[in-house]
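As written, the chains take the letters A, B and C, and residue 1 is the first residue of each chain.
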Amino acid sequence: MSLFVAAMIILVLAAAAAFTTRTRVSGLRRGGERLHSLPGYHGIYVFLWSAVPALLLLAIWAIVQGGLVEQAVLASPAGQALPDFDLQRDAILSEARAIAGGYQSSGFYPQSEALAPVHAAARAHYGWMGAGVAFTAFLVGLLFAMRRTGAAFRARTGVERWMMVVLVGASMIAIFTTLGIVLSLMFETLLFFQKVNPVEFLFGTQWSPQTAIRADQAGSSGAFGSVPLFWGTIFIGAIIAMIVAIPLGLMSAIFLTQYAHARVRAWLKPILEILAGVPTVVYGYFAALTVAPAIRDLGVTLGIPASSESALAAGLVMGIMIIPFVSSMADDSIAAVPQAMNDGSLALGATRSETIKKVIFPAALPGIVGGILLAVSRAIGETMIVVMAAGLAANLTANPFASVTTVTVQIVQLLTGDQEFDSAKTLAAFALGLVLFFITLLLNLYALRVVRKYREAYE
Amino acid sequence: MNDTTTATAADTSAAPALPKMRAENVNVFYGDKQAIKDVSIEIFDDKVTAFIGPSGCGKSTFLRTLNRMNDTIPSARVEGLIELDGEDIHAPAMDVVQLRARVGMVFQKPNPFPKSIYENIAYGPRIHGLTSSKSDMDAIVESSLRRAGLWDEVKDRLDESGTALSGGQQQRLCIARAIAVDPEVILMDEPCSALDPIATAKIEELIHELRGRYAIAIVTHNMQQAARVSQRTAFFHLGNLVEYGETGQIFTNPTQQRTQDYITGRYG
Amino acid sequence: MVDRDTHEPLMSAHTLKAFDEDLDQLRALISEMGGLAEHQIRESMRCLTQRDVEGARKVVADDAKIDELDRQTEQRAIQTIALRAPMAGDLRDVVAALKISTVVERIGDYAKNIARRVEQLETAPAIEPLSLMPEMARIATEMVHDVLNAFVERDAETALRVARRDQAVDDFYNSIFRTLLTHMMEDSHHIGHATQLLFVAKHLERIGDHATNIAEMVYYAATGGMMADKLERDDTV
């Protein structure tokens, strides 16, 4: 029996049980008993107890089943006859699975056709077994819940507890995913550090990851000094982009909160927020096709050696992209400064701009700084714009007209195309990703702390 | 005998020198809603004037018209004549920033700036360029804090944040801040509503001390407080000025039934 | 000023009901004291005319009740001021109650003094002015009765009328004074008794004066104006 069908059946049965319970408990009430909880809660309670554990078991079973079926197939006489070589065996097995599932009518390997019936039988066997386990859980849960429901039973509190379990489960998924990402990054990074010295990676200034596939090829030893990459990242994301985004973002926030008429604000704010919704790839080709050539021309006019892919182009466009982040955080924290501060200053005879400069801005500063930090962490993680406009040359330069490259660009470079998954070149991407992850994590943590501290200021 | 709706009827007994501020037929609207209806009143230099009345009757609104703080509310519209020393405060020649320096305001909730105590006081004088040297500024800070009765409590911690003070101290800091720009009139909107009786008594004593130097108008919900600190009392009801007269008379023998009902606790 | 002559209607209730109860209790206490004081005056005069020494002793003893009520009134009034912080009309009422109770206590003292003189007059022969005195006492008692009613009802009009009646009591006193003087001059044996009677008349006259004082307090409490101003104005009209 397919596990999916089993799940559907369990859902339908649980719903039916819930409905019956509700009707039964309503009957109690009509019979004159005082209920602790509304009949609906009893129904939900029965549904949760009967459906959730059973479905969870099914989900677990679905994960385990593949392995069990494979073992069964390999244990069969036909399976034991398979070659030992992993790749070929896996191909045969997956073909057999496809034939058994009916996605494929015949196979490339003759063995697979022989294995298909075995596979189908094993699957059916374990499917029934899983369904059996799930139905048992269903029945146990159902009986348990049904026996408890009654006039005095506190189904409401029971449902409440279930809600908490569900919510905790949901947040756990996000947390475990993050943890999984970090762990996988770490694992690959450790592999990388077996090949490349971490000190060289972190402090080296030479980046040329082209290792040869065969030892006799030229340039067989790559250089993995990541400093130019991080410099490029910071130069574009934290310096040039911020020089653009901070003044523009703050000033537009001040205009929107302090000067703009309510009607103007109602129009301008959403428009500004649209900037945040533009896909970054659009910013990317805007940077590469419009801004970069213009800047190169400017550089040439000024007599500065300018490349066609410049840090300035990418940084400017990224700055524009970041404006909404800065301005909406600044907007929020300026709006959070109590009106009383504003009034207090105006009542002393201060003008509006004096009030903004000397009272509102300082009071909102922690929030604004928090916003800027978040924007920086967003900017240095940004990929598309820099891939399209910043270039690939790992230069350690402060010339904004020169081409620089960033961490994210290099990660993309290292991972696109045909790769060997255990070469230093590929593994370097993971190490870069991990360091970038830690940098943005620290920035975010720091930003949150700053923001939280400022929240307490007016309590 | 006479038309009882003109509140100035009871006002003939006291007519000293020229009033510091004078409002004549003032109407205030929020959008279409009229919050103040044809109010005429005079505020005198050496007197504390209390504004009392049920919640929502327009006391704060009227107080805020006196230093044009209502300008900051987009929907608010003020009609009628308001004079400060005989000058129309809405005249083009009158600079609103200058007006607010002359007519200071203290709010219901203490609102010190999140700056040091010193900076809170120095803020106004600095904006208006009242001082030319650090020692001048020190002197202004000290004298303002002294006059607000706060100096002894804070003199050793002038660089601590103003928000770190207790509620009553914060309110006195706000009064000191208002005094520091040397205003002529001080408006107070329920300055003690968030304070305990001791802090309240200190503020009341302070108001008493300040009388004579400044014309003071105070909004309060506390009858006893109005009776304690003011020489003249105005009773507002539904945007009307119902009665305005000597505080002693208002609290022992009001002429209007509505005033009597309100102050004796028979309202609503 | 707005015309305050017409007496104010009884005011609507306070938002805080307990405040009304306090004021009502205060009025009830004054009313009770007044009733007692009237009774004392009437009894002392009855004992005087009927030479009832026993009754007179009881009157003297009963004065303690009035004193006790005075004490209670004072306590309640002070408590009301402390707890309710009365304003305007309420404040005038409470303060009036405080003062009136003291005055009523004085009136009680006069009744007691009259009763004390009964013993001295037990053996006295019938003297003609004695026949005028019950009428004088009746008017004085009525004044006390009316003025206290006026207080309870916040009735400034009645208070005014009471004050005007004081003249009648004074007239009685003057006429009794002259008559007693004549008696004393005619026959020196009468001097002792006549002096006692003169005191009684004086006490009654003082009771009238006190009732007039109360009337002034009631007038102020009810209207916030001064009765003297009002009487003056009425006289010039």
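Quick note on the criterion: contacts are C-beta pairs under 8 Å (C-beta built on N, C-alpha and C of every residue); 3 or more make two chains touch, one makes a residue touch a chain.
What you see is a predicted model, and the numbers here were worked out from it, not measured in a lab.
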| item | value |
| --- | --- |
| Chain-level touch network, classified as line, ring, star, complete or other | line |
| From subunit C, the most remote chain by mean C-alpha position | A |
| By mean Cα position, the chain sitting nearest the middle | B |
| Centre distance in Å when subunit A and subunit B are each reduced to the mean of their C-alpha atoms | 56 |
| Interchain centroid distance [CA atoms averaged], subunit B/subunit C, Å | 49 |
| Where subunit A and subunit C are represented by their mean Cα positions, the distance between them in whole Å | 94 |
| Multi-chain contact residues (two or more partners), subunit B | none |
| Touching residues (chain side subunit C, partner subunit B) in the complex | 1-3, 11-16, 19, 85-92, 224-225 |
| Touch list for subunit B against partner subunit A, complex | 67, 69, 72, 74, 97-102, 104-105, 107, 109, 111-115, 123-124, 127-128, 163, 174, 177-178, 181 |
| Subunit B residues touching subunit C - in the complex, by the definition given at the top | 1-2, 4, 9-10, 223-224, 227, 250-255, 259-261, 263-268 |
| Touch list for subunit A against partner subunit B, complex | 261-262, 338, 340-351, 354, 358-359, 362-363, 457-458 |
